[in-house]
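Some notes on the structure that comes next.
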């Protein structure tokens, strides 16, 4: 093998990259000796744009920050605005929100199934899971009117009530998915080659994980039980019954197991919300959006998204436009400092693999 | 890692059984999934239902919606004549435009396939380019989900039975919080401004109120209305009829908001301090105004601001004309008018009270010494019913009655009063009579819904215990000993007008009855009294059907004489009079500064 | 003279046959994998369209002469290899040019094409290509060892170095080599997916890792040549194994059935397997395949 | 509610004892906010991390208060044990001042600081890292500063598809029909 | 070019037929519309049955999908990628953003009109376009190819100066090699 160091660019145009970003690798033989994340290919200046848009107009733009799972953005933004304004949200809306978030989590995990297996070269998996993800998107379409960008959770509640027959359809989809996930298990998790690929790769040090800013499934994959849903409960998560897994290991395999466990939990939560959902209002109407002012103040709100803790820091100066909306996605840390450190010493075959297991999503790094 | 992981090799093999399954691929294009019932696809706009308020265009943060003129769609009152055009190169399908559409004409459809090689195709007009897609409408916004607030903030009023005890103002007015809330309902479409005879800057002052800036609101209001508080209390508010929100809900309470803004200034000095008008240097031109009614005061105020020397000749002791003497005090308290008139006087308008032109001073004298004369003399002389028995004691006209009450005189009307007519004056007279302790019945030829009076007034009257007899035609006032004892009426049925007009009442034969009354008040209209004019002027002035004939600036055929108010326009309300005055101001200014 | 004419015409027909069969196999592969993946998949003739389209593309890449030669080299080697493989046991057209010792020659030729490719890819200057080439060579070392051992075992066992010789032995004894020398067959079978470079051995082109590896810089006509060569080469490999272990084929239908069944094995395994890392792949080849290769050799020797 | 905010109040007290806080308050359960001079940023962060076990650096943000001529920088920490988000705010002048680099305390702060340096032009003393993080070849004023007007920049830099010039404003259309003028001081209340 | 020759017509027809039914799509998710590419390519919508498949590198690709907005930083890479692609090549533009800026019309970092920088053959409307719409877009492109109208690549060659000027206006640090045919 050659010991000369080569510079290898993974991205921005590269089938293995998650989204549109670039990882610049210094490679010796097959081993990465230095990694540098380059982002900015998807920078749209959301936070600048929101300075020009009023509180409601900003609601339609926040979901675009993260494509695979836009709902945590909407929910975070809505909750931040509600917190500053002191607006009450009806109980039913909270249940619908939780259901939406969990559906989004399932959809995101299904996409992750595809990405994780696809980056390992198992192309049947993405065909299945991304294909089945469409059924969740169909549910979203029925519920919100959009497949990807739902623009559904807005300040004060949700935009529309559940459509007729939604509950049955959702439950049926959940049953179907549960069956399918068993099949995924056989194809992916019981697959000896996948196990060989995933075990012992991209290990995060448990003792340093929190300090490094690791959140979400990667942190739980280090054996640390941390989940915004239980640490800082929002909406109605404290009234639902679900388990947060934590497993020792810190490698790609543990992270995968955590997600495999969580997708079932999410299906379970969706069922629970559908059962427990109270009647009543779904929306505490906001005043005329063009004249809607929020009193001065700030709020820091967090949501557990599929990739980890999603946080919004929103500042109002008392006008009808936000002063500042700062979005921090989990990938902000995962995709830059963590990835850069984790890749060192790994095989270049595993670069994309590790990236997928961390859930690196460039649009939330640069926004 | 086990040495030989048999399960790990065999388990994935089970995946191969999928080979036998039917693929779940969606066919194309023969079988394509129908988008969901809520899908946010391309726009559809019902061009007939749309009123061109442009709210969709305003809410769109992407500047995707332009309001454009379409062939065959003309603007009218309550319709700007513009229709939205969508730039799909901007649209993000957030459907906020649907959520804020006050009429519900704009919707999204299930259609989403829009593919083209030419980028300019994506600029299209919903409803025109996709006429046939009305049945594909999917994402709609009903009154519950719409972001437009369809219910107005309720106005606090005195209780009906409490009201009739005194002449205290019945309507309490919004407090600050209510006003802000109500003002924030406005979508600022400005359709109302066209409908307002005076074209007040309604969206601007409502926005000022909504943004918490009452002083600015007052300044904007005073820009073309010198008697806003009066309007805020008694205006006929045609603006609210065309309010975009009124298509599906209750119009913004424009009148109450104006009232709120003006009431923030407690007296004339504060008004002057807030409005702080720019008064131009005196230009040495004299303008005389006959009649201190709304139109006269308007002319006087704005001409005074422009540096003219303005003198008003008022026959009565108080300024305000019909608004003082014709409107009961529970609607427009005396102090309110005095405050506004005081402000007008404070900027240099001279009012000669108790000076009836033609009696105390001759018209010719005024005419000679003025560079221009404005006549805002109004309709003073009431019409009589034209039925027998009108000369009986206890038979009187509403205007006379109100005038007397407002001047502080007492007129004995007994305890059972019939008011004939369905306009505001009739209701006023009825409610005043009610406050004087009488049991009042309004007799109206048509149905309640045909009454020209404001619905709020009618409701108020009913609350106060005024009976309304609809479809009753007065036939004769019955009297004994020269006093009214009853009113003979006949009931009527409504027959549709073959020409498409509103249905007309037709007397039902044999339905006559006599109602016992102590007084009968007629309120069927007034006319002008031009006896103050000298004969040679009368001869020259063009008068048609009792009204001066004027051009759009209020100028009569005698170029020095301008006229406005009830004696010119047909709408006969205060705001029209103010509008006439305002137009005359511009015309006089132009006329004298050629 | 007549004989030569048949030979030349036979060579032409063989090439066409290999091309057509190889292309259709590729098409079937895509279709079958698609069905496993719950979808419809492209038409079976899709690969023809792809090649035609690529041929019709303009080519404006110049990295050097070697890069331009590489695809030609590749296809030449494929056809040359094909020429030395008896497609049918007997018959006029498809027996081709074989001679004693051609197994050794074939072993040599099969590596040769890849080497040319390696040179061409190396010249493009694309680091992905370079790494892909390295990986390809490493993998080749991996699967060649059990594969060669299996063939050597056959040669030692049956004392012939000619494919025709082995075919004759099979038809004389009436048993296929897969039964008569099972260990060699197992070793060859386990090593075979490595030759096809389908999952889990697609480490050379691994899109998620190396874009498409050595072929990164090849487009248009080059790529079409490569696809053609790949199709022919797939046919070559399948036919060779059929000849060696499955008793060859005496007519085209038999050939197609045997090769197709054999072909399904790497294809289906590919459909359900993620990719090995390079060293894992080598480890795999030097595990069970090598083990069976050694046993086969021992079996043959003793 | 006061009973449930015990740990939050306790945290505030501890911080008040240790540092001279400009202000501090419990925003709600699990959110404590303190404002501090920018010289004390490193001491308070170290104190929070080492002594109070606020080991998770959640977030770092910057707000441009252009009217005051200040940037407000917010450090948000999280304690996995106490489960409290501690917001530490400080203000720094928009021009001429800098903040200390804290990436030796938390290495991921490096990313935040690089972004703030790039988007606001706020320098961090001793910050190492590529100058360009998100933008490329940017030579205007840093875009997140409020005096950078994005739509003006866009209209002079990028193209806009033609064909929309015939758009009309509803207000102007109606004004035109009524032959009325809008006074200038009222215009700011017209809808844009 | 003169198309008076019948044999030329037949060759063109066959060429176009092959080009039409074999579209290699470059795997480059330039914007958020890329999220609908996996569903389009996978089992539910299965674009492969139209001959559409992914290609890892620009050299092998025929179709460049601009999936939504383009940040200026990406624009530079897109131009480079586009120029590396072999003729004939096609560009499909997704979503509103490529037409007139979409929801990022006032963003300082995204371009508004894609066709000022590289030629576009087909626009698919939507934000983002559904997989069905994406497939319709491809079908439209196929029709255009069959009819010989999808000639954006020729336009690019002919008007290179103009495109270059526009590109250089945005990309301040132009360090790319010049386009060689």
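Order of writing sets the chain letters: A, B, C, D and E. Residues in each chain are counted from 1.
As a convention for this text, contacts are C-beta pairs under 8 Å (C-beta built on N, C-alpha and C of every residue); 3 or more make two chains touch, one makes a residue touch a chain.
Being a predicted model, the structure only gives us computed values, none of them experimental.
Listing every chain that touches subunit B and subunit D alike gives A, E.
When the partners of subunit C are compared with those of subunit D, the chains appearing in both lists are A, B, E. A simple rule picks the central chain: find each chain's mean C-alpha point, then take the one closest to the mean of all protein C-alpha atoms, which gives A.
Greatest centre-to-centre distance from subunit C is found for B, with centres as Cα means. Here the spacing of subunit A and subunit B, counted between their Cα centres, is 53 Å.
Each chain gets a centre from the mean of its Cα atoms; for subunit A and subunit E, those two points are 30 Å apart. The distance from the centre of subunit C to the centre of subunit E, with each centre set as the mean of the Cα atoms, comes to 35 Å. Measuring from the averaged C-alpha position of subunit B to that of subunit C gives a distance of 88 Å. Residue positions of subunit E touching 2 or more other chains: 27, 42-46, 49, 54, 56, 58, 73, 99-101, 103, 105-109, 113, 127, 130. Of all residues in subunit A, those touching 2 or more other chains are 14-15, 40, 43, 45, 48-49, 52, 60-61, 124, 127-128, 131, 149, 187, 191, 193, 196, 290, listed in ascending order.
Looking at subunit B, one finds that residues 12, 15, 18, 23-25, 33, 35, 58, 61, 87, 89, 92-93, 119, 188, 207, 211 touch two or more other chains.
By the definition given earlier, chain contacts exist for A-B, A-C, A-D, A-E, B-C, B-D, B-E, C-E, D-E.
Across the interface of their complex, subunit A is touched by residues 1, 5, 7-9, 11-12, 14-15, 18, 24, 33, 35-40, 58-59, 61, 92-96, 99-100, 108, 138-139, 145, 147-149, 181, 183-188, 207, 210-211 of subunit B. Residues of subunit A touching subunit C in their complex: 1-2, 6-9, 14-16, 27, 30, 117-124, 127-128, 131, 187, 191, 193-194, 196-197, 347-353. For subunit B in complex with subunit D, the touching residues are 52-54, 57-58, 66-69, 75, 80-82, 85, 87, 89, 119-120, 123, 188-191, 193-194, 199, 201, 203-205, 207-208, 211, 216, 219-220, 223-224.
Contact residues of subunit B toward subunit E in the complex are 23-26, 28-29, 32-33, 35, 42, 61-64, 87-93, 112-119, 121-122. Put simply, subunit A touches subunit B in their complex at residues 52-54, 56-57, 60-61, 124, 128, 131, 138, 141-146, 149, 151, 159-160, 163, 183, 186-188, 190-193, 195-196, 199, 283, 285-293.
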